[in-house]
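What follows is a pair of complexes built around subunit A, which joins subunit B in one and subunit C in the other.
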Partner chain A sequence: MTKTISPPVAPSRPVARAAEPRRPWLSTRRRRQLMGMAMVSPALVVVTVFFLVPLVMTFWMSLHDWPLLGDHSFTGLANYRRAIHDTDWLHAIRFTLTYTVLITPILLVAGLAVAFLVHRGGRAARVFQSIFFLPVVIGFAAGAFLWLYLAQPGLGPLADLAARFGLAGRDTNWFATATSGLLVVTAMVVWKVTGMQMLLLLSGMQAIPGELTEAARIDGASRWKAFLHVTLPLLRPTLALVLVFSVAGSLLAFDQFYIMTAGGPSNGTITAVYQIYRTSFINFDLGYGAALSAILMVALAAVSAVQMLLLRNSDHS
Partner chain B sequence: MRSTRLVAAAGALALLLAGCGGGGGDQKSAATDKPTGTATLWVRDSAKGFINLLSEQYNKTHEGKVKVTVVPSANFVQKFGTAAASGSGPDIASIDLVYLPYFASKGVLDDLTPVLDSLSWKNGLSPAHKKLAVFEGKTYALPFTAEASVTFYNKDLFKKAGLDPAKSPKNFAEMLADARAIRKLGPDYYGFTMAGQCGGCNIFEFAPHVWASGGKVLSDDGKSAAFDSSEVTDALTFYRQLWTEGLMPPSAKTDNGSVQPASFQSGKVGMVNLGAFFVQTLVADKKIDFGATPIVGKDGGSASFAGGDEIAVTKGAKNKAVAYDFVKWATSEEAQTILAKNAIVPVRTDLIDKIYAPLDPRYKVLGQAMAVGQTPYSVVENAIINDNNGPWSKLINQAVFGTGDVKSAQSAAQTAAQQIIDKG
Partner chain C sequence: MKTTLADVRSTLPRAAWWIACVCVSVLVLYPLAVMVSQSLKKPSEATENPPTLYPHGLSLENYRALGNTGQFGIWQHVSNSLLVAAGTTLLTMLLATLAGYGFAKLRFRGSGVLFFIILATFMIPFQAIITPLFSILHDMGLSDTLLGLTLVYTTFQLPFGIFLMRNSFASVPASIEEAALVDGCGLVSAMARVLLPVAIPGLISTALFTFFASWNEFFAALILVTDESKFTLPVTLTVLASNQLGTLNWGLMQAGVAVTAIPCIVLYLLLQRYYVAGLVAGAVK
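Let's look at the complex of A and B:
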């Protein structure tokens, strides 16, 4: 994007302008503007049709009692009032937060560790980098199905491994309690997402001039100390970015639980998005589902805003 | 000038697209017209095995044609509901009978009362199907395919465990004793299995234990839940005992229905409650010598869930003439014989002994079970029963596998279910 520096003309003086020869309607500047508009418009159309319109419609629906089939009626904020007292919804929120708090540090540390290990020259590092990145290119649903099989009691290789190491019996059902189910899902997500985190952090690390670490090493800092006191502080903006990604992703978790635990046992692993899905497409209560979506969206925007704020502060401190 | 032309071109394109969207079937036909042209039919994927044979036969012998779309079972209600709401649904829909009251109550189906009355074999049609299709005195669908739940038992394991394979269990105590005997065969052998996290499976497989004991899970009009009745307590306690004594495999607790048939097929599980479709699977498998017997009550008695699909014409159907003609034909002897040959229980109780029972010794039990089978009637069936996270599913999971007691799980489920019913 090159900026065109326009000469400081004074449009408020029509007298001077009239003296100039008439410019062609399609001036270079105008053409550039039109060109810009034309290039942006497909994106604008997509955003409008697939984001802005549904957003407004969602909000509009959330103010109604709106079943999938049959008539709908305006109810004002009744859906929002209902959400505040809905124990199923509150339980789903609590579970989503638990999951986010559990998985975010694990992901961050794992991503950082792997990035630290592959952040060096050489063919071996590149090979491992690719290996760690491989799970990222598998779809989330496919990954979930894979792990569902791996952890199946009496059948999956993970159960076999655990039995060999004496951790659990061959027939132990890891999806039998909400806690162990959550742990298996967490393991799957860590396996799936760490590669992405690694790549982002790696690009952040590569942006740090090598001389800084070198200088620290010359001053006698160990590799670990140099990482801790030089690389890590300079990595803060990237870390914040990675955090925003992983927190937003975790708060919107759905498919991994839908596939691996089906919300069970006894509804112990139902996330916020899962509850919205159930409300809208199992109970056919689209209005209430829309209200829950709106609440989740506001919460997500708030969390991201706070994180962005932290990111900006760390940039200037 | 240029922009005007552009707008005109865009308009023409839009018209063209709208024309295509209608699938060329924009001219509507009424029920009484001559059945010509093509009608669209949606079925769930469990019908995959036979629906094309059926539509081919119809298309060959009739002037009108039907075009079949197979929709995944798990999403059928959502897909059909959304399509019906937006007016893009099919002309004919084959719907799981438990959802019939819901769709009928929402006014998306045509009133088929006169069609049913015109059939000479009306009285031979499955009573459960006929009951579920009625909403406020009118019939909104015709019976199409039937399914019934029975107890399958592995005769080889019965023999090995020293039990008489000709003598199937007649009450809870006998089932428990048989399960214990089979469990003793080895660490991998289990007496019984179930799908502990599947609402739809358990209304099909577990509820008959309650009915056979003389109880109910819902009132006949569907207006009140009976999850806290003593018959439900007895049946839950019976299953809980099967679980706590280790007579069920660990996978039972979290099975959403996909593991259970495979467990029995492996030949290491003594008994399981499943439907007619499973006979064909086991026969094709040729591995297990199995028997089928009615699902029993606490002190004897037996019951079954009468399941299957009903076939309905949608209110927004474009080709009603073919749609009406096809739904009538679907209940005829010609169509039902095709179903029977493909291991589907026919809905014609008057024809069971002629076209179905002779095909396999076990079919007689299934046919009889279907004819006397029950089906709960509720306009919110999906939310209270079939939803895998709904009150019914949660009740089974907590009462059979949970740490709390059966009674408190029942009263919690009862409250939750009644709330959904009252909300409508």
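Let's look at the complex of A and C:
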């Protein structure tokens, strides 16, 4: 700015000042716009180079035979045709869907139950809220290694507990079958993610005016009835959001299976992302890996679209 | 004092509530207690079958042993993780503040569309574009570098950061900004002196989210970094798990898990106010 020191001014001054033709070739409005572009551009450059370009390249690579080293050649839709008949890929999809269908209702019910518990005033409720949220801030990798130990045959405390209660033999290996491995992984994820679901649902519950439930309670409804008939219906937008979060998260599962079951036994717990990882970075078949990624991306876009739809519909209620 | 029926009726649910909450707390905290107790056992006790409930002789041997496991020892990996997480956090804070201010206060033709494009990054996870990302980093000479990993993390934390910062700036009334401009501030110093203090809670939320996400991220770190000297902590845990095949030291591994998890727990307990506020703001939109 110029050297002129403005005196303490009344709010009416800026209009007059802005109109002054101090810089005839650049109006204040124009200057603000240029400034805006300049401030947004660093973020845009990063997003373009590391997101938009790879996004377009995914589709481009998927039309090629693209090994890690050596030349790539255009093959059209051959990769997609291959995917339709690829039993490994189809199995990975089926397993991913099984996992999603298994874990989504568990997470939703657990999240709702815990949110219902801590949805009240007072210091104790706040402390419990913090405790229940704690596993969320621990990474999936750390959580998976922790539970890998918990469930070790013979050595793990969970295996030990199960043995003491006579639920399983002391040396039963829970990672020996795909089904029991899946159950252990599910338990870990429920432990780690429920707190997140709780917090989102809680924020939705707190947005509902307290008078509504109070009115129901005065009319003689129990806490549970009030929750079922007043809170739950009003919670629909949050429920939709939480549902989509957990579905999208489950469709992208990788860390927990890579660490806890290594995809085994006999590739029984390979998820879609795991299969993409194996295709691109174990077999170095980048073109085919990109095609599988593109398929996954379309599936996720569909989930997001459903999310939008659900949220928009519930806005009217 | 005599207890009336009403008193009993009102205490019973309260007792039930306490019991339920304590039970859930035990379920939640039990694995964490195992992590700590296992890491403090002597190596011989850590592989006892059946396991001991708590360490019978406290020992820091596992933590000391972490210092020279793998080719490089844990401290190298702790510093890798710190570098990546701090770098990502600073870069995200800077870019998100600039862009958030631009999108909120300095609209220009097309800024709405650009904001939408950036938000679209939300919907497409980076697991889906990891294959070309790998080639692009390779072509830029950034494969196997912490800088490459930092840039990738920044890209995927930016949308949420920009979203939070835009909302923070947008909530500041235009009159405050105008007053600053009138007092002779330039646009940039108006942002730094007047608007930024108001947006500080949003900035802390952004920083916390970014730090947690980049500290804990596993998938991209596993793929984009293959040189063991540059492994971040979550990937290092796989080295701990595979080092002494057959005689796996679970005490050592839980010590590694504790080193990875405890900084996040401490940070969360200190700053949970901001973390929760940011999460709720982001989710409710």
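We adopt the following convention: the second predicted complex is superposed on the first by the 289 of 317 C-alpha atoms of A that agree within 3 Å, B and C clash if a C-alpha of one lies under 4 Å from a C-alpha of the other, contacts with A are read in each partner's own complex, and residues count from 1 in each chain.
Heads up, the rule we're going with is that a contact is a pair of C-beta atoms (placed from the backbone, for glycine too) under 8 Å apart; a residue touches a chain by one contact, two chains touch by 3 or more.
Computed from a prediction, not measured in an experiment: that's the story for all the values here.
Once the two complexes are laid over each other on the shared chain, residue contacts for A:I218 go to neither subunit B nor subunit C.
In the overlay built on the shared chain, the residue A:I84 is in contact with neither subunit B nor subunit C.
Using the contact criterion defined above for the overlaid structures, shared-chain residue A:I270 touches subunit B, although it does not reach subunit C. Between subunit B and subunit C, the partner in contact with more residues of subunit A is C.
Using the contact criterion defined above for the overlaid structures, shared-chain residue A:G154 touches subunit B and also reaches subunit C. Of the two partner chains, subunit B is the only one that A:N173 touches; subunit C does not reach it.
Judged by the touch definition given at the top, the superposed model places A:G70 against subunit B, while subunit C stays out of reach.
Once the two complexes are laid over each other on the shared chain, residue contacts for A:S293 go to subunit C alone; subunit B is not touched.
Contacts of A:I282 after superposition: subunit B is touched, whereas subunit C is not reached.
Counting contacts by the rule stated earlier, residues 152, 154, 281 of subunit A appear in both its interface with subunit B and its interface with subunit C. Within the complex formed with subunit B, the residues of subunit A that make contact are 67-70, 152-154, 171-173, 175-176, 261-267, 270, 278, 281-284. Residues of subunit C that touch subunit A in their complex: 13, 17-18, 20-21, 24-25, 27-29, 31-32, 34-35, 38, 47-51, 53, 94-96, 98-99, 101-103, 105-109, 111, 114, 117-118, 121, 123-136, 151-152, 154-156, 158-159, 162, 175, 178-179, 181-188, 212, 215-219, 222-223, 234-235, 237-238, 241, 250, 253-254, 256-257, 260-261, 264-265, 267-269, 272, 275-276, 279-280, 283-284.
Interface residues of subunit A, counted against subunit C in their complex, comprise 1, 4-6, 9, 11, 13-14, 17, 31-40, 42-44, 46-47, 49-55, 57-58, 61, 114, 117-118, 124, 128, 130-135, 137-143, 145-150, 152, 154-157, 160, 163, 170, 191, 195, 199-200, 203-204, 207, 223, 238, 241, 248, 252, 254-255, 258-259, 273, 276-277, 280-281, 286, 289-290, 293-294, 296-297, 300-301, 304. On the side of subunit B, the complex with subunit A involves touching residues 78, 81-82, 84-85, 103, 106-108, 196-197, 249-251, 253-254, 256, 382-383, 387-390, 394, 397-398, 401-402, 420.
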